[in-house]
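Please find one structure pasted underneath; my questions will follow.
Order of writing sets the chain letters: A, B and C. Residues in each chain are counted from 1.
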Amino acid sequence: MGDFTMPSLGADMEEGTVNQWLVKPGDEVHRGDIVAVVETEKSTIEIEVFENGVVDELVVEEGETVPVGTVIARLTSETTAATVHSPVLRHLAEQLHVDLSSVTGSGVGGTVTRADVERAGAARVEGAPPGTRPVPQRRGQRHRKAAERATGRTRSSPYARRLASQLGIDVAAVQGSGPGGSVVEADVRRAAAEPAGTGGPMAASVEAAGEVAASSQVGDKQAAMRQAVGALMARSKREIPHYYLSTTIDVAAAVTWLERANLERPVTSRLVLPALLVKATARAVAKVPEMNGFFVDDEFRPSAAVHVGVAISLRSGGVIAPAIHDVDTLALDDLMRALRDLVVRARSGVLRSSEMSDPTITVTNLGELGVESVFGVIYPPQVALVGFGQVGDRVVARDGMVGVRPCLTATLSADHRASDGHRGGRFLAEIDRLLQEPETL
Amino acid sequence: MTDDEARALIRTTLHQVAPDADLDAVEPGETLQEALDLDSIDFLNLVTGLCESTGFEIPERDYPQLSTLEGAVDYLTGLGSAG
Amino acid sequence: MSAATTPTTAITYREAMREAIREALVRDERVFLMGEDVGRYGGCYAVSLGLLEEFGPERIRDTPLSESAFVGAGIGAALGGMRPIVEIMTVNFSMLALDQIVNNAAALLYMSGGQFNVPLVIRMTTGAGRQVAAQHSHSLEAWYAHVPGLRVLSPATIDDARRMLWPSVCDPDPVIIFEHGQLYNARGELTEDPVTDITSAAIRRRGEDVTIVAFGGTLGPALEASEQLAAQGIEAEVIDLRSLRPLDSETFLASVGRTHRAVVVDEGWRTGSVSAEVAARITEEAFYDLDAPVTRVCSAEVPMPYAKHLEEAALPQPDKVVAAVRQLGG
């Protein structure tokens, strides 16, 4: 199994160029490893692999441009860990002490069948020294634990597995808290909230990829980027019935809290206002879920996860909006780290595939460049974009007194097919409310 | 730190933070943030880079002194002597 | 809804059912009530008390003690253009009429190539809790819910007792209504909402942590359990199935999609029960939404004991529901 195809790294991507392979045939790869650097019209992106296996063949050579979906490499699956086996199969494997990840599937699409497990079980017994022949046991806590140790398999609920695959979490690496030590929803959400591991075997490749990006033909790239942004925005304006709302938010509490917080912090862990704005937006989604998700196949599909696309303008022209994952549950410090990391990598043109393809809502912060308010264009298939303008002192009447307070204008562009203005207003009000309590963000 | 060293350090750090920014385009007296389109995160990354290279902690209240290229050079050259 | 804008009346489940029968008798002259002791005695559970005096012996008819005969007579009357409501004293006794119900009432429309429908309503008491032991206490709803051609309803609230009968009388095909014996004395407010369908399940309590599916006599214990759980910080969503055939799976599947955990509470025996059907459908259609195995709380697999403490021990009680939910973890 394992055709590795040119991924779609955004609704507007039609083709990509394999700039560089970071693996060669025979290399072992693990889920999440960066295996290639792909250049699109908009950016240079590190491509992650989503299963464990061994690289069989690189089908597309470096420098070649192919449409999305084209097979660019073939992998031999070392395990079928990404596959969800049926409960019956798992139970059988447990009884026969067979490690499912080591079974080669003979079913449709390489799926493991009952016969495969029985064959593996029989082979295991034949190969075992005399007296160690395993006896199928009744289900039970002790047996279950033993089986887990023997097979290294993790018990997990179907929903936990589905959620984990959506969030890019490896269930086997999650500590289970459910019955019998099984991994349940809460465990996966907890794991998703933890900061992503840094480095890894492929970390060194980031620099190499940066070189590749720098050496590419800058002029062509800019023109292509302009075209890509244009195509996507034209599609958005053609298809999405936008509505726009704006409100003025008093950010005195947020600014004061930040100043105080930063006094105690070394420069490496200081916070900036955009982090609070992004966090407040992500949290507000809980109250108004119609803002978060995708409009596809004529219907709005809300997303349980909140992946905030952060619009980053490139000085060379163009704009990209890579995602920070699960912002609603991310601690502020982790969010800040993610934000800094993302901005630097966006600037140097190296982003990861998972960051490009799945933002569920976007925040744009043009205000830092001096504009008072920004009414943005929604990134299809998302349904909302929140804009924050420049922070400036404004004359405000409050409790019958006139005062001067730092304020900003927050705007919402939202898809009328997914929500109405009333809900949009509620959303902005919730962002405002959250920003008045920065310590809770 | 000499004037030239400080200038070179700012240039290197800036290149790491925002490889697409052109320091030569900055006019004297112009603020870095405006001239180079640095947002608050870029700026924080710049300050962090400078702190890491010099070993000095730059408090937030000193940020305004770093807003222009000249100001930043003066600030960096003065770091050791003031301390 | 406040009492000021929507006047409400506190009545018993028994009175609600009587009002429903009276409404049917008044609205349609083809309607009559027939069964053991429904006339002079006023019904074994006093549901029809006073109706004989009001409507006369033509329309409130006492029958001999032969379920097969009077259900068969009801089917004949329905075929002849009447709209009979037949009362069977308990579901245990309905076994004697099973042939008439399954082989005739449910099948005639199909056997006649669509020529003869059977607009018959059969009401029967179900359930335990009154110390009437193993021949008067069982919950055999699942047997009827198994049969195509029947509509099987399980009103669990005062409103449903009052409002499910008339649409059943209007239904062109046979409808079986299960009245849980423990509910007759339940008192509650009748709301003004006049719309009651006989097809959908209802969400009786909103919650996001676990879905508890119940019907008829188990709605009460399920709601009581959900209050205890709320005190422990677990918000349960309680679904009242209302219609056991056809089964409105959409409502409970959607709920499981939100809560990811399900406990099904059924006074029937676990094996081959309505709860088995619900659990199977959740596993078939919402497997990847489940964060824990579907769990069931049913009656012990014994003929219902007479002794009070044994009967209580055999039935799904709120504490068993609470324990089942707690066991799901998360």
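Here are a few things to note about the model shown:
We adopt the following convention: a residue touches a chain if its C-beta (ideal position, glycine included) is under 8 Å from a C-beta of that chain, and two chains touch if they have at least 3 such contacts.
Model, not experiment: these values are computed from the prediction.
If each chain is drawn as a node and touching chains are joined, the picture is a simple open line. Each of A-C and A-B has its own count of C-beta contacts, and the greater count is at A-B. Computed centre separation for the pair chain B/chain C is 77 angstrom, with centres defined by C-alpha atoms. Centres computed as Cα averages put chain A at a distance of 48 Å from chain C. Centroids of chain A and chain B (each the mean of its C-alpha atoms) stand 33 Å apart.
Among the residues of chain C, none is found touching two or more other chains.
Interface of chain A with chain B (complex): residues 210, 214, 259, 262-263, 266-268, 270, 272-274, 313-316, 339-340, 343-344, 347-348, 365, 368-370. By the touch criterion given at the top, residues 260, 287-292, 327-330 of chain C touch chain A in their complex. Listed in rising order, the residues of chain B touching chain A in the complex are 16-21, 34, 36-37, 39-42, 44-45, 47-48, 51-52, 57-60.
Within the complex, the chain A residues that touch chain C are 84, 157-162, 177-179, 184-186.
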